[in-house]
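First chain A sits with chain B, and in the next complex the same chain sits with chain C.
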Partner chain A sequence: MTDPTINSRDDLIRYLDAALALEHATIPVYLTAYYSIHSTTNSDAAHIIRVTAVEEMLHLTLVANVMNAVGGSPDLTRPGFVPSYPAYLPDGEDDFTVDLRPFSPEAVETFCKIERPRKAPDPQARLMAVRPEESLLVGSPTASGIRFYSIGEFYEEIMEGLQRLAAEDPKLFSGDESRQVGPEQFYSGGGMIIEVHDLASACRALQLISEQGEGLDTGVYDAEGELAHYYRFRQLQFGRYYQKGDKADAPSGPELDIDWDEVWKVKVSPKLADYPPGSELAAAAAAFNTDYGAFLTLLTRAFNGEPDRLQDAVWWMFRLRDSVNRLIRNPLPGSDGLHAGPTFEVTGTGGALS
Partner chain B sequence: MFVKFPQGATERTDKDAAAEVLYDVVIVGAGIAGSIIAAQLSEAGKRVLILEAGPAEDLTLRGYESYLDRFYSSTSKDNQAPYPASLAAPMPRGTDTRRIAPGAPDTSAYLVQSGPLASDTTYTRVLGGTTMHWEGKTPRMLPDDFRMRTLYGEGVDWPLSYEDLAPYYAEAERVIGVSADVEDQSFLGITFDERYVYPMKGLPLSYLDRMVAKDVDGMPVELDGEQTRLRVRPFPQGRNGIPNPAYDGGNGFVPQGAVSTYQVEVGERCQGNNNCVPICPVQAKYHAGKTLTVALESGRVDLIAQAVAYRVHVDPETGRVQEIEYRRYKRPDSKAFTTVRARGRLYVLATNAVENPRLMLASGLRGSSGLMGRNFMDHAYLLTWGLLPEVAGTFRGTNCTGGISDLRGGRFRRNQAAFAVDIHNDGWGWSRGAPMTDLLDLVDNGGRYGESLRQGLVDRVSHQLLLAFMVEVPASPSNRITVDPSYTDRLGNMRPILTYAIPDYTMRGVAYARQLSKRIFARLGAEDHTDYDPNFWGYATYEGQGYEIRGGNHLAGTHMMGSDPSTSVVDADQRSWDHQNLFLVGGGSFPTVGTSNITLTIAALCRRSARAMLTQLDREQAPVQLATAGAPSHREEAGR
Partner chain C sequence: MTAPSLDDFVALSVDLTAFGETDLLGTGLGSPYLAKLRGACGDAVVTALFAAHQAARAESAGDPDGFDRALRYRIFSDDCLGPVARNVIKLWYAGTWYGLPPEWTDSYGAQSAAQTSTVTAASYQEGLLWRAIGANPPGAKAPGFGSWAEPPRIDDRYLKGARR
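Now for the complex of A and B:
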């Protein structure tokens, strides 16, 4: 076994901070694909992507609860919190990056890679060396040059660290309980928010993330009867839904239809620099980034003692949707018919907690 | 949690095989009444056949979204806009309504209207029925509403009291999934069990409600010597909100999300979209498809859709129903149909207060009391509209979140009708077609486009205030549904004929409502823009003043319940006095319609009746003699 990388509360909080960034990092990817689908078409795909994105929001909130429980302060406004796309994922392979893509077979392939449950072949393999040029979603925040074999292994590391620290420090869970986000404020439809007050609830919260998402494979359905993300996306590849009792390689539920052409062909991982300076598109793209930054500020306040602010997040998300649509429905000049898209170039919004 | 619809359930029952089965219960209509009864009876192990006139399409997410697409792309946003019109099972549509010239009934649409007042009242003939387009308000009736004759000398007493119905109200609130807070809903005698909480917490008042409340809360009103103070109060809603952890003794409540044949996560909470009527985009609003799905999942409920009940056959000796003859059409646009029969130990007509008596009368069953189809009731809606002095956030939130309920009851009811007042979050939508009419005006007459058009639209609609007064209509035998063989639909079914006038008792309430609205507008500093058009199809005059009266789709009264067979059609269990194995359920059983939207009370009555049906089934264990001699189970017929 390699040496543990979480040896103090500070280490733990740095890990949870990285987890927060990781959970958030997939959301722009899913939202771009989701909103690229022509409205009223591709219902099956749209619902699958949407629910996954919503569950990533649940995961983000669960991580914030764990962080608050151990006395941390979630900050979604720090520079670098939103990755620069394309970005690598630490899934043991280094031959693909995560892009902002329109809905396409390539996008679904990427979703499956993100969400693929992977357990390291042996405990030694959990931690891997980082190649110098890589931009990482999940590197170890405490041991430089180290990344994880998979997201599942990353969470295993956190849970083991939590258990170790909780055993050493009876005051580990001393966070202010009023900072917890509960079911009154957060609702996703795919799994309940868990308020974190102790080791058991912290582990339940992280376990839920792991099971729903990028975990170590607990089967097609999780303990609550929810399909894990990986299998949700696999349905798009099989063209058929799973139902209870199905094996991973043979879904037997209703068929699902996909029309890859009913999609706005958004430029892959667009940048503000791609938009003609001074154009309405450039202004709309910049406005989206400003709005998105403000939205992250709102979430940061909600995760720092004002959980009721999550109610405002509902209409904020409608506003962001409209903002994305303004971009996605317009062609990008000089891009061979490709359309504009949100760039998610959000630099630290700063001053959020003042 | 999503509601899993068993794939293929609308196709799996073979009509010919079903014709040879003696079901425990045959139900006509897959709306909320039929679905609740089917779910409750199947849960008790009974075999049920449901006949539904609407299209035989599984309740899939994509099917629901096709309703949405139809709504979005339709220029008219009326109640029926999302739902496919079928010539075989036509639906009344508000846009069909025409002013009726004296002596000349309007026969142009499915619902024949002989007036004198035209009504735009509708119902929806698809799986889930009218709850597909309902708004979702779920107020309980007042205790006084059940004793109107005794207390005020008006209308008719129910054979049930509020206390009798209260436990079933609680059951209905669970089935529908009601969001409300007991402290907001305890008024004018409405009481709850000591520890009762609604399944979900109350939905918040809209910004507009709160703007109105600032000036209206505490406004004194004196009526018939009684003083009351008005207050903007939230309505209970059949829309998903925050589950109340204290519900069911602390077990909580799990909201029912969308109906789908596969796992989806949508609809478990209202998002504040503003088109509850005619369709919630995410199925956060309850519709009876959710309860129908539970029934079908039991495996004991067969469903045959595209099946329009044609005739109720009765044994002339015993009065018992022998079979229901129905016409099954192949496609909504085809004239061809097959005649089939359905047989059960019990029969339940669960269509609505127009189609129930229509079917009975078309079967020649006028009832020994002669009251079948009589005492048709609806709510008479009076709309008043104005512009508020400041931006009030109109068009935010759902269609309607709050209103004034203080004049639903009081001594004045001995003289004039009571009413509830809705504050409409969709501005002048109902009265004048906002925001579409504002948009057209800005473009056509204002030459606006782009940013200026967008801002102009916001500036206009965000000041709009519409108050809808839902005025009670008492039973009146001359308001009625009849049939006439000269008016039939494509399948040869006799069409309903509505004869309707607003009683003076109601008009006194209407006139008072108009006066009150002026006082409210003055208090709010609102410009009153209310203007009633003498050419409007529902224009009615009273004491020299004219009013536009609209229908509420709260159909009631046409097979009234009572304790005396000579003055009612059904008993307190909704069992026909004349036909002991027949139940006529729904709004038609109401002796008074009060000032409550009718669906919750329908649901409560049906929960209660289902128990009576189970008791009766247990009692009538003896085999029922089947009238099978000679008659083929079905025959092919060409359309006319």
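Now for the complex of A and C:
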């Protein structure tokens, strides 16, 4: 029997910090694919990816609420918060890396792996040894050399830890309520935000993340009648939508209209070092990273007592969108016709808010 | 005659619009705009326009005032190339190809694609005029609630030393 890895409030906060990084780490992956799609084409695929990316933003905010409820301070500016792509996610079998890729069958394959529902064969198998060469997006933050069977199992561990700690410590949920992000600040964004004040609301928030994502064993549709992310992406592989009553391997809804060629062929996981030194394009890529760092600083402030700042985050995101579009439409010199893309190389300092 | 190249078109457009290559290619419309230009004017005119631009660059040897004069002399005051160059500017800024004046088509021929038209559904929203005035195209590229309270972002190179 594996020992619990969450035995104190500090352990819990370290787990939630890892969850924050995990939720965020999927967003650049989805956005790169989303913005690589030629505008006015592939609307089915673009919609599926966009909706998922927006739900990841909800998840990020839900984790921040849970963290604030137990007295933590979400920090999206710490060094290493944004992974260096390609990066590993936890998975039970052969390792796979998560790349920043243009919309392609390979990208969808990665999306499915990220969101794959994976119930460990038995509770003891939830935690797995890390191979030494692996760099993980989510290993256990408290027990070194341990990683999770799946993202679903990672959240199971957090919920069990929460329940144990809440039973031991009646003051676990003593965070300042004014730090909670509520529906007046977060709206039209992938579902209803949940303010967290106690164990029940914390579990509801984490359950929502699990169900919307890969889920545990909830099936094709979740409790709200929504398709889990994994099955949404499977639709792109099948070329067909699910409808109620479908089995996982046989969607029977309308066909999706997918054209893999109507895509800017972005270089996979580009780095600033791939850009011609001193070029206008390199400056644009660097400026995006600076802006992205500043945006993470803004979110950090919003999650640390200034929730009204999320209103500014909206136009920051649109500004980032325009920068990504500009980059992706530019050929990257010296890359055999591949295109430029955002590198998401953000230093831990976060940059100054302008 | 080799087909007019996108590189030459972008180089010309950088000098005509005062936007950088990254911004122009960042609209995603370089190739469709070049195709429109060729369809509207014919390759002979387009090739002559690019050649005049390169000659202006070469003879001014990096001197901005000299280059300005050379552009006016070789292109803007030319009966054939002037209206085409002005149309290229309007194309990038407004996303619309404006039909050339009748005097021009009388002299240099009316091509099949010479009429006023938008180039693609994306060209309105990608028009440089919106970037130039620091605004979003109405009805597209939503800037987000409250963004209008922020000052527009203006690249340093356009500020000419002025402070924000």
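Rule of thumb we're sticking to: the second predicted complex is superposed on the first by the 345 of 354 C-alpha atoms of A that agree within 3 Å, B and C clash if a C-alpha of one lies under 4 Å from a C-alpha of the other, contacts with A are read in each partner's own complex, and residues count from 1 in each chain.
Here is the rule we go by: a contact is a pair of C-beta atoms (placed from the backbone, for glycine too) under 8 Å apart; a residue touches a chain by one contact, two chains touch by 3 or more.
Given the structure is predicted, the values throughout are model-derived calculations rather than measurements.
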Report for A:W315: first if it touches chain B alone, second if chain C alone, otherwise both or neither. both
According to the stated criteria, A:L281 is in contact with first (chain B), second (chain C), both, or neither; which is it? second
Return first, second, both or neither, reflecting whether A:V51 touches chain B, chain C, both chains, or no partner chain. first
Does the superposition put A:S43 against chain B (first), chain C (second), both, or neither? first
Based on the superposed arrangement, let me know which partner A:G239 touches: chain B (first), chain C (second), both, or neither? neither
Quick one: classify A:R329 as touching chain B (first), chain C (second), both or neither. second
Can you list the residues of chain A that touch chain B in one structure and chain C in the other? 40, 314-315, 318
How about chain A: which of its residues touch chain B in the complex? 40, 43-44, 47, 50-51, 54, 183-184, 187-190, 226-227, 241, 243, 253-254, 256, 314-315, 318
Could you please specify the touching residues of chain C with respect to chain A in the complex? 20-23, 25-28, 121-122, 141-147, 150, 153
Touch list for chain A against partner chain C, complex: 38-40, 264, 280-281, 283-284, 311-312, 314-319, 322, 325-327, 329-331
Can you list the residues on chain B that touch chain A in the complex? 7, 60-62, 65, 68-69, 72, 242-243, 257, 261-266, 268-269, 271-272
